[in-house]
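Below: a set of structures, written as structure tokens.
Okay, so chain A shows up in both of these, paired with chain B first and chain C after.
Entry: the complex of A and B
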């Protein structure tokens, strides 16, 4: 147990709470911890709020792609839960199912990167071309999946 | 007016340059094809070595029976009595490629035999490989470097050695697939296009089909991605280049039967999955950083770090426990022997015994990549100015391939394209400096320099694409809103100032005129030395088919065609179902040319089976007969070079037989065959050595050749000269005694009860004592 000194600052927390880590009695200790917990929850709420407000500003087509990505990942998680419960036979079916979910998620993220108008590197790529590439890659992916599914 | 004239001139120059480089590429392709034809000219159009015969046999089967039968083929003519699942253990890329070419040609009514197609597949694909090198180096540094690298790769001896006409092995197409995959990866990285990412995955699939060395790609690319992330070069193009490749690539790799589920279960692929997770984390971090304000971002970081560390620790602990529970930590034997060069010699003598797995000597570097060996460091430096994603990839490629080539001589082949790319970059940069020095110091230079200011700065600064882009946009007339025009003019001003500055800097960098002329002449001379060496290496060193040997003596050319003589004898004078036992080197050739079932062959997948044959070769005659009889063997084939001086015969390989046999059957001990640690077959040899089957089968009746039984390879007279064989009989010896075939004697029909006098016809000189034995002995 040592007293807090000047270089015991914890990043992200307000400074005066760090200084208040001097332990005088158990009561003040619990009070300090409670205050810390409250501050972290307040920070979490502030974080979530700012994240939500920033995300609300993204255009609708990007939100649709994000929804698609979320759905693919959710399907993958369901498959993993299934394999945990039931077992992994036949393995190639599991592998192709899981990789198809991850594959469509990755390709959708690539599409989102290319279609996002804030992205400087792709500003002269027409979104139709991006979508055509996306469709082509998905075709190849699903051809392989159907072959491997057995 | 001046602008349109210069634009016409530049367009003309570009057109002329493109046509010229097209013709140069065609010439490079023709060069790559024709330099590999020495073996066809000096010998004949025949398949070389050992492994290509297996590939040839598989291609024959494919062309005769079609792809479904090939995919499901179970071969019972090899590894008797185990057989081999060809469909599941062969890399199908090469055979499918050659089969497709044959089928295409025959459907066009061009009747080439399968053997011709197989022999010439390698030169054709080496031409493709040099074009792929051009494309790859063009992506890294520019068209000049690309042409240089392509010309170097067309001739580099290390690649010629494995792709000469007749060398129908996996590397013939695999090197092309390797370079092409790398090219598509760099192209995707430079352009960020998902189309090229798809093509990259398909090219990677072709590479997985072709060669086991695909693990090099699937470890090098994640290493490069990690390098880019760590050095702060993460961009969304990196994500597009890498993430689809991992998913599609893993799926496509599992499609190939020989890889199957290894694509997700062996440690060779774990690096790609790890970097896959890392790049997603990094991408998420960048995305959140872009959305949130900096203060909020810091709060998010603390949260994620505190939670994420706990989760990551748990996952990592589970993973490490899983991997550590397997004895080899999930790596295959071959990969482990690459990472730890001493692993194979300690644990797996078969891998250590393959001649291609030995580490190379220093002279072999100068033999195989010659002049490139000291152009590579210059190329590495040239890649650093400026450092881009593509050039960092090539640097990583050369460093890793230099390490692996030092472990195994076979992997000098992977070093060759990297060395050519680096040397091409170095030579092109050197020529660039010298020609620019000459150009700026020629008499009419100063007037043209101002007019060409735009062009030269955009032509010479190849890697700075934005400069070229602004110049091109200035030349092309397009409709743009005024705001963009103003921005462009400001950009152009800002760019022109540094371009003028860089031009002035470049003027200061030029060398004196005489020095540059001499330097160019010397570089051309260097290239000439390289060409001369490559042609010599291709003609003299790497064209030998090793199934036909030649020697020049005072009375002309001697041709030793003993191998084919022996296989032809086997195919004409034995039954179709007879089994032939020999050391594993000759298995492929025996099945392909003699069409007989063999016990072990070059695939070496079953160590115990090979150890059984090795034990049989190291045992005395009776024990060997027992072992061979249990395997239904009818004929034993032995290669002997003592009469003509052929150094790769079975007596020289015999110690490996002892070691591999002793690894499984402990009664075979290597010191029993050595006298004072020395391996000898003369009068000082140990009795175990003089009584073993290999000695007897090699030297039976050898004394009849010159009366003294002088072995030309070991350079000594042999120890035991007069002996008879009890359990084997000689059926064929080739013209130069290089291949000797023996038949197992059947056991006698009648057993005459107790052993009688020792005066029997086939008394062996093993001196076995039979006093008081009550065992029924069919031989006496």
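Entry: the complex of A and C
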């Protein structure tokens, strides 16, 4: 890239010219960094834009599952924030709350993998069957969680 | 030769005095009060007729007046037993025994009936107990009612049948079928045979009586002996059914023997010593603890009191400790076993020697004077040769009348242990501190051990401490007490005890501190001096603090032994300890309630966000089945899931795992079924959509 070659050129000059060139190099350096930041942000924006447009194309049921995963993870984060404030006294309660969120998120991700029509591995698996597995596993998970909650 | 003979005689004398000295007291007031305590009637009666008889007989012998209302209650029981036809011979026997004491009014007809029953038992009887109870009952009836004919026709035959049960060693069997023999049974048999003799209508064959006398002599061969001179009978085989200890066995034999002896005109060759020994056995028991033993003791003594073989005379001393200072007199009583007066006799004091020593007697044989008012033999003044100490006095009873010698037995020489006490003079008591090498006296002080003196001395480790005194008995001889101790006690309560030795009258101890430095643990300081002089016969034993000595001992080297630790106050070690208050684990710090509630709200936020997000996406229920049956299943499916969630909430709130699992099982099965139907319906509809 242009900025890199220019950087090399600046380094190549002898030292007794450095004083004169210091001012010149610092100025140019800041200009270079600004240019870098601008390009990175432009790239990020481009990335986000492309992601959003691609995401809009996903089917609704997958979006529901993604939303569910987001909701579970969010709940977990709030619990972690709580424990960071008050300390982990009923540790088993903390663990069970956290693991229920994480566990259900993981099961939802599995469901998403199985239901996604673009996934060739699970072409023969009917999505209702996957959903039934999801419900069953969730029920078992929550039984264990309730037991551990105390 | 003469020396050998003398030695042999001494040996024989020693063996004859081998019996331990002991004192037997005849029956006294303490027995009467004990009897009243033991035989206490409950609800006006003593219990069974046997117990009533034992109580009444004991009271009769001891001369205690019985309460009148006991008489009426017992009489009623007696007449009931005698009148009833279901009473056994044993019941009749004891009823008649009680009747002989109480003299209740019984109909002659009843006596007649009983007599005929008893005679039938006598004629048919084959066991010793049958014979014993029936014959004794008939003898009792004979005494109580003279009109009834109780005499036995075939006395010889009955005598022989009882005799047939005897063994060769003088013991008896209970029945011909039982081979075990017992001494107790022998006693019963003798009593039964005596009863036969008294009830015989014609004289019994003399040869039978002579064989019986031989049996008695053989029985007495199996008599056993204690060291103090008492004789007794005991069973060899222990019968588990009814064990008779030495007391009941011996009393049975004595009852039988005295009953038999009272009826025979000739003499039974039994040594008086054995009878005296039997009396000593009963007297040696003291006061028994239960009523049966008490009755056996008193009844046997009453039989011995007036038996026809020889009546034992007991020599006893009311006081076995004589004080020389009080000028006590030696008093001796001679009584029969029940405490009645003896025939005219003289008591001679044959010997007196120090117990445990092999010296000869310190006194010569002398007679004791007799005080007829108190019926006691007195020696006014103890001989001068009797000093303080523990003696054995040997007495001999000499009967005045030669006829009495055949009736009574005195037992030859009786040994009695005696203590003679007196005041032992302690004088010339001195304590001194001596210089070790020269032996010269640095400090010398006199101590008055009778009064209160307290000397204070000081010494260092190069010096010696000397304590000396003299002990003299009232008779002026030297005396060695049991305990002569000198105790030095340090301020830190470390004690050292020394025994004071003697040479003759002079007691002296020299403590050489140079040699004792290590024993004293190098502890310098003030030592309290305490002197103990004590003995059982010393009336003025002393335990006195004499004073104190300041000891200067050198410093303890490194390896010196440490003094023993102070004894711990037992109350501090074994007393109650400080109370432990349980410190509970400090409860964890909990966050403030508001914070927790705030976060609860925050946790529910994502759920709300989820729903909002769902709406934003454009969720719809278009795929919900519209037909009735699948719709029901679908609704049930959702309801089932909701029910399971509710179940989990209940589980968290109050249920336990078992009830939850049970309900979950049912709900789960239902949910499976319903879910399967719903989802398969959905799958089929989507498959149809795909294909079309």
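Here is the rule we use: the second predicted complex is superposed on the first by the 126 of 150 C-alpha atoms of A that agree within 3 Å, B and C clash if a C-alpha of one lies under 4 Å from a C-alpha of the other, contacts with A are read in each partner's own complex, and residues count from 1 in each chain.
Criterion: a contact is a pair of C-beta atoms (placed from the backbone, for glycine too) under 8 Å apart; a residue touches a chain by one contact, two chains touch by 3 or more.
These numbers were taken from a predicted model, which means no experiment stands behind them.
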{"item": "Simultaneous placement of chain C and chain B on chain A, clash or fit", "value": "fit"}
{"item": "Touched partner set for A:91, first chain B, second chain C, both or neither", "value": "first"}
{"item": "First (chain B), second (chain C), both or neither touched by A:74", "value": "second"}
{"item": "First, second, both or neither for A:130, with chain B first and chain C second", "value": "first"}
{"item": "Chain B versus chain C as contact partner of A:64, first or second or both or neither", "value": "second"}
{"item": "In the superposition, chain B vs chain C on chain A residues touched", "value": "B"}
{"item": "Partner chain in contact with A:142 - chain B first, chain C second, else both or neither", "value": "second"}
{"item": "First (chain B), second (chain C), both or neither touched by A:55", "value": "first"}
{"item": "Nearest-approach distance, in Å, of chain C Cα atoms to those of chain B in the combined model", "value": "5"}
{"item": "Contact residues of chain A, present in both the chain B and the chain C interface", "value": "147"}
{"item": "In the complex, chain A residues that touch chain B", "value": "11-12, 43-44, 46-47, 50-51, 54-55, 91-92, 95-96, 99, 102-103, 106-107, 109-111, 113-114, 118-119, 121-122, 125, 130, 133-134, 136-137, 140-141, 144-145, 147-148"}
{"item": "Chain C-facing residues of chain A, complex", "value": "60, 63-64, 67-68, 70-72, 74-75, 78-79, 81-82, 85-87, 89, 126, 128-129, 131-132, 135, 139, 142-143, 146-147, 149"}
{"item": "Residue numbers on chain C that touch chain A, as the complex places them", "value": "588-591, 595-596, 599, 602-603, 605-607, 609-610, 613-614, 617-619, 641, 644-645, 648, 651-652, 657, 660, 664, 668, 675-676, 679-680, 682-683, 686"}
{"item": "Chain B residues within the chain A interface of the complex", "value": "192-195, 197-198, 201-202, 235-237, 239-240, 243-244, 247-248, 250-252, 254-255, 261, 264, 283, 288, 290-293, 296, 298-303"}
